[in-house]
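Have a look at these structures, which come just after this line.
Next come two complexes built around subunit A: one with subunit B, the other with subunit C.
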Partner chain A sequence: MIPAEFQPIVYALVYILVAPLLGGLIAGIDRKVTARMQGRVGPPILQPFYDVGKLFEKENPVVTVTQNFYVLSYLVFMVVAGALFFSGGDMLLVIFAFTLSHIFIVLGAYASYSPYSHVGAERELLQIIAYEPMIIMTAVGMYMVTKSFFVSTIVSSAVPIILYLPGVFIGYLIVLTIKLRKSPFDLSTSHHAHQEIVKGVTTDFAGPNLGKIEIAHWYEYVFLLGVIWLFFAWNPLVAVAAIVVAYFLEILIDNTFSRVKWQLMLRSAWIIAGTLGLVNLGVLYYLGMVVMP
Partner chain B sequence: MTYLAKSPWIVHYNASSCNGCDIEILAALTPVFDVERFGIINTGNPKHADILLCTGSVNEQNKVPLKNVYDQMPEPKVVIAIGICAATGGIFRECYNVQGGIDKVIPVDVFVPGCAARPESIIDGVVTALGILEKKRAAMLQKGSAEGTKAGETV
Partner chain C sequence: MIFSGGSLVHILDLLGYLILFPLIAAIFLLFERRDSSRSLIVQLSAVAIGIVSLLLLVLGYNRDTLLYAVGSEQVGQVMFFIELLMVAFILYLAVKHRKTLAAVLVLLQAGLLVWFETSLSHGLHVANNLFVDQFSIIMALIIGIIGTLICVYAVGYMETYHTRHPEVRDRRNIFFAILFLFLAAMFGLVFSNNLLWVFFFWEITTLCSFLLIGYSETEEATNNSFLALVMNLLGGLAFLAALIWLVLSDPSGRLLDLNYLLTTGKALALVPAVLICFAGITKAALMPFSSWLVGAMVAPTPVSALLHSSTMVKAGVYIIVKFAPVLSGTTEGLMIALVGGMTFALASFMAISQNNAKKVLAYSTIANLGLIVACAGVGTYNLMWVAILLIIFHAIAKSLLFLCVGTVENRIGSRNIEDMGGLIVRMPRIAIMMFIGMAGMFLAPFGMVISKWAAIEAFIQAPFGLIFIAILAFGGSATVFFWSKWMGKIISVMREQEVLEDTVKKEKWVVLWILTGLVVVVCLIFPVISWVLIEPFVLNIYGQTAGLAQANLTIMIMMLCLLMIMPLSMLFYRKGPHVPATPYMGGRPMDGNMHFAGSLGNSREVVLSNYYLEKMFGEERLFMIGTSMCWGLLLIAGIMLVGVML
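The block that comes next holds the complex of A and B.
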């Protein structure tokens, strides 16, 4: 058994080592399921690993050398955010590191001279504006239920958090579509073969730099699905089922909706998801303060 | 076999083709042929691409964009000229503004014949190009070790 004081470090290390493998596998299954939904055979499950392996075999043509720094920072802070989360750290700190990593990818896209890259960066910023309030509301909701911002406390809570936070959960699923770069909210860049404004934020990244962005996505997948786990943490089996169902729904939505304009994305994330989250938090506050003080 | 051959991403450039070959390229991406099962993705961004699929006879207007697309692709890369126009200029070869085949502007590795080229022969051309891509990668590594650089290094 691991001593209690080393447990956070061990969990963080396990995340750093296992998350890219798991994330790549999720991406591969995603592509396979997507292909089957479109009546195609689809690529092998391990295709994302082949893609990244290939990207590291290519030369690295950079437009400005600062790009290298921004891409590396994006990857590092994504890993830090996930490692903090899985080591049971403070949710607010996790969200801070998570946002910071996305600011780095936006800076990286702005650092180049391509107008496509700039459009992608602007759209990425809009996406951050859209999903950020809901992510914070998720943390606040979990605080209201468990009285702690620490993931270690939230995950060991025997309370079925989902029953207290159904609105927040639906809101989180809505912004998850933005975060996973799924249609209808895949504005800044997309994993599909279609070519919206060339490739958005990734336009001017090639070779190993693009590979690093892909690996950061894999870390991100595991972190985002880990947040779903928190809602169902009282029962691991239900949590795994919830993650599978939620991800399948995301793929289904991805394949049934076309991309929307940024205005509708912002409205969906703020008005619909935000209202669901705020009403949910308001009801919790009322119950906590008035009904059972 | 390297990862290159398992994940060739393509970029498609139409150098004043009649659109016949382009439709056949798109046909290769549809569920019937589904080239994504070989890891082939149509990227639309030369910086992400390994293979340049080029159709049509090059003319004075588009030889610069074509050269530009080619130059933006990171090494190792291959060029496939699709259709008879891309190979020789085809029926347009005697037009006053037509340069002739793609090889007048950029080096071509594989020629896919046909008017229009069939999706099967386009896929065959891409598979042939994969072998060339691997050879170029090996040559790049050799050249790199001679000059003290390796793949993945900033250039």
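The block that comes next holds the complex of A and C.
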């Protein structure tokens, strides 16, 4: 067995090595399922890996060299956020690192003075402020149930967290749509050509830089789905099932809605965080204060 | 030998020095009209004040609250006399500019003062007039280092200011005298244990800010200065009411002893605490009084920097944090906290809709002060820890940002964020400093995020904490939005721009680099600051103290180091053969990269503008909401207070 004090490091290393493989696989399955929903055959499951591999063979055109720095930082801090999460770190710290990483991709898009990436950057920022309150409430909700912000404590809790946080869970799934860049909330950039031809926030990234963004996205997938795990952590089988169902739902929503305007996205995300999330937490708070002091 | 009982340097001497030395410098500056010697006086005084504040830290950090029986009846009478002079002076200006409200308020205050002095002040005796504890040391460091740095910066700035604004009367001698008087008053305020003294210094800061805001003597400046004056006089009246209440409840004047009052418990201290916190709310420019601080941006930029970071508004939150133990657990305290919380959320939202750089900074200040007051109003031990941390981080980052914006404004002639596009090319060093300052305001692992994080962890254990967590979650995400889009504007790369920053003076660079360094260094060493200064202070009051978990601290510091290493990756990228691509212009770029081919073969320039989301986060609407709600909350607190009094 691994000594307890090295466990966090081992988990972080496993995440760093395995997450891109898993994330790429998820992306491949996503594309296959999406294709079937649209009545196409779809690419092979390993297609995302071929794509990224090819991107790294291309030259690296940039408008300004600083773009390389922003993209690299985006990837690095995404890995840091995920590694912190999987090593059992503080949820709030994970969220802040996660935001930091996204600010870098936004700055990268701003740095090139293209109208398309500019609009993409603004929209990416809108997406960040749309989902952030709900994500923080997710962390706070988990604290209320387990009395800890540390993922290591939350994941080893024997309590079925989902029973205490149904509203927060639904709220999380809805902002997950924003995070996974799924319709109707794929405003800043989309995976689908029918949504946009010029690719929003990633417009002025090509070759290896685009490849890095793709890999960061894979890391992000695994981290985001890991949060779903926490809701069901008392039973790993249920947790895996929940993740599969949740992800399938996201694909289904992706293929049945068209993109909305940012106003609707921001309003709906905030209203959901303010109602589902906050009411759920309020009830828990009341129970914690009055019923089980 | 310095640390022994009969020490070489007595801490009391340091306190007296810090209060009186800036005053002497002010008098010299008042009569000095030559630029070179003014610059010399300011720089030497800044160094002297900075060193003595550091000395105070070295000698005083490990002591408990030290009280000093200094001063006597005469000092009190001199203060009363000066207060009357100030009243007469303000009355004169109010009549001259036909400001009825200001005149009425100042007369009211004069009446109360005279009544207080003639019929209540007999037999008043406060044993200890001065004190120092870890919190006042922190405040002294902020005033003594950041405040004086701003003064040094101001010398060069005002020179450029007067060449750019020939219509403004050159009254720089008065200007610098007031700056140093301001510093003296701030030192006095944080070292005074006698509440009458606190009030005296409090009124001096009101007067100083009034004069500084109105410096340019335009109609707008005069109006805004009177707006600030009226609001702060209102707070001053509440402060005076608190003093009268204290003397009426105990004619011996024992309750005027600040540190004694704080230990007497809620029954005695609650009424004056709420009144003084009301004064603090006006001074800290929380809603419904936020408009004076926004209006204060008409003043020269160093004034804004001073008001926002190390003086004025910090006096407001200082006194509220001081009274936090009294407020904790009371409904009145909760109301004050809610005023702070509402201010935090709404001011953050309003900052989104602003394109005036100074206005964005102003709203961000108001928001952060709101957060500090929210922490102090709930007033648990870990929230007090957060509040002090916020005061420190905010002072450093905000002063840096104001001075950067001032420098940019002097060069490009605009304070509109939209005109700051490509600043990274035009003024690379200033842009990087602004970048670091902004990161300090909203990005992990810098100061304000550390505080926000600690605030969430503290609120979750506090009564009604969930409300504040929701406010933090929504307001916090708004701050991410307005800072990031500003950052984006600065770093967007436009070629063929001329470099503008060569004309910036050397002493300005020194100030800016020191502040930039402080933003980073204080993040790195904040555990030490917490351990040496904040934790002993909180422990002393509450018997327990807060702090971040060791594991988290390590990770934060590792992240900060990583963040500092990342830019080195640029060296690697610079090496390779690099042919810049044109930004994507729908496939029709023209002449370099700022133009695209329009219809009829026209070449059209690309002009990009940020989102301001006017409809959702418009200033007017949110201001209305905030003002009415915060007045409502204050009214509830007031009614409950009357209930307590009766």
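We take it that the second predicted complex is superposed on the first by the 290 of 293 C-alpha atoms of A that agree within 3 Å, B and C clash if a C-alpha of one lies under 4 Å from a C-alpha of the other, contacts with A are read in each partner's own complex, and residues count from 1 in each chain.
Just so it is clear, a contact is a pair of C-beta atoms (placed from the backbone, for glycine too) under 8 Å apart; a residue touches a chain by one contact, two chains touch by 3 or more.
Remember, predicted model here, so these are calculated numbers, not experimental data.
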item: First (subunit B), second (subunit C), both or neither touched by A:T99; value: second
item: Subunit B versus subunit C, judged by how many residues of subunit A each one touches; value: C
item: Partner chain(s) touched by A:W270 [first = subunit B, second = subunit C, both, neither]; value: second
item: Partner chain(s) touched by A:T203 [first = subunit B, second = subunit C, both, neither]; value: both
item: Touching partner for A:G282 - first (subunit B), second (subunit C), both, neither; value: second
item: Touched partner set for A:K54, first subunit B, second subunit C, both or neither; value: first
item: Partner chain in contact with A:P43 - subunit B first, subunit C second, else both or neither; value: first
item: Which superposed partner A:A35 touches (first subunit B, second subunit C, both, neither); value: first
item: Which of subunit B and subunit C A:V140 touches, first, second, both or neither; value: second
item: Contacts of A:N68 with subunit B and subunit C, given as first, second, both or neither; value: both
item: On subunit A, the residue positions that both subunit B and subunit C contact, one per complex; value: 60-62, 65, 68, 198, 203-204, 206
item: Contact set on subunit C toward subunit A in their complex; value: 421-422, 424, 443-445, 449, 453, 456-457, 460, 466, 469-470, 472-474, 476-478, 480-481, 484-485, 487-489, 491-494, 549, 551-552, 555-556, 559, 562-563, 566-567, 569-570, 573-574, 576, 578-586, 593-594, 606, 608, 610-611, 616
item: Complex interface listing, subunit A residues touching subunit B; value: 31, 35, 38-44, 47, 50-51, 53-54, 56-62, 65, 68, 193-195, 198-199, 202-208, 210
item: In the complex with subunit A, residue positions of subunit B that touch it; value: 2-4, 6-7, 29, 31, 34, 36-39, 41-45, 47-48, 50, 72, 74-76, 137, 140, 151-155
item: Subunit A - residues contacting subunit C, complex; value: 60-66, 68-69, 72-73, 76, 80, 84, 89-90, 92-93, 96-97, 99-100, 103, 106-107, 109-118, 121-122, 125-126, 128-130, 132-133, 136-137, 140, 143-144, 149, 198, 203-204, 206, 263, 266, 270, 273-274, 278, 281-282, 285
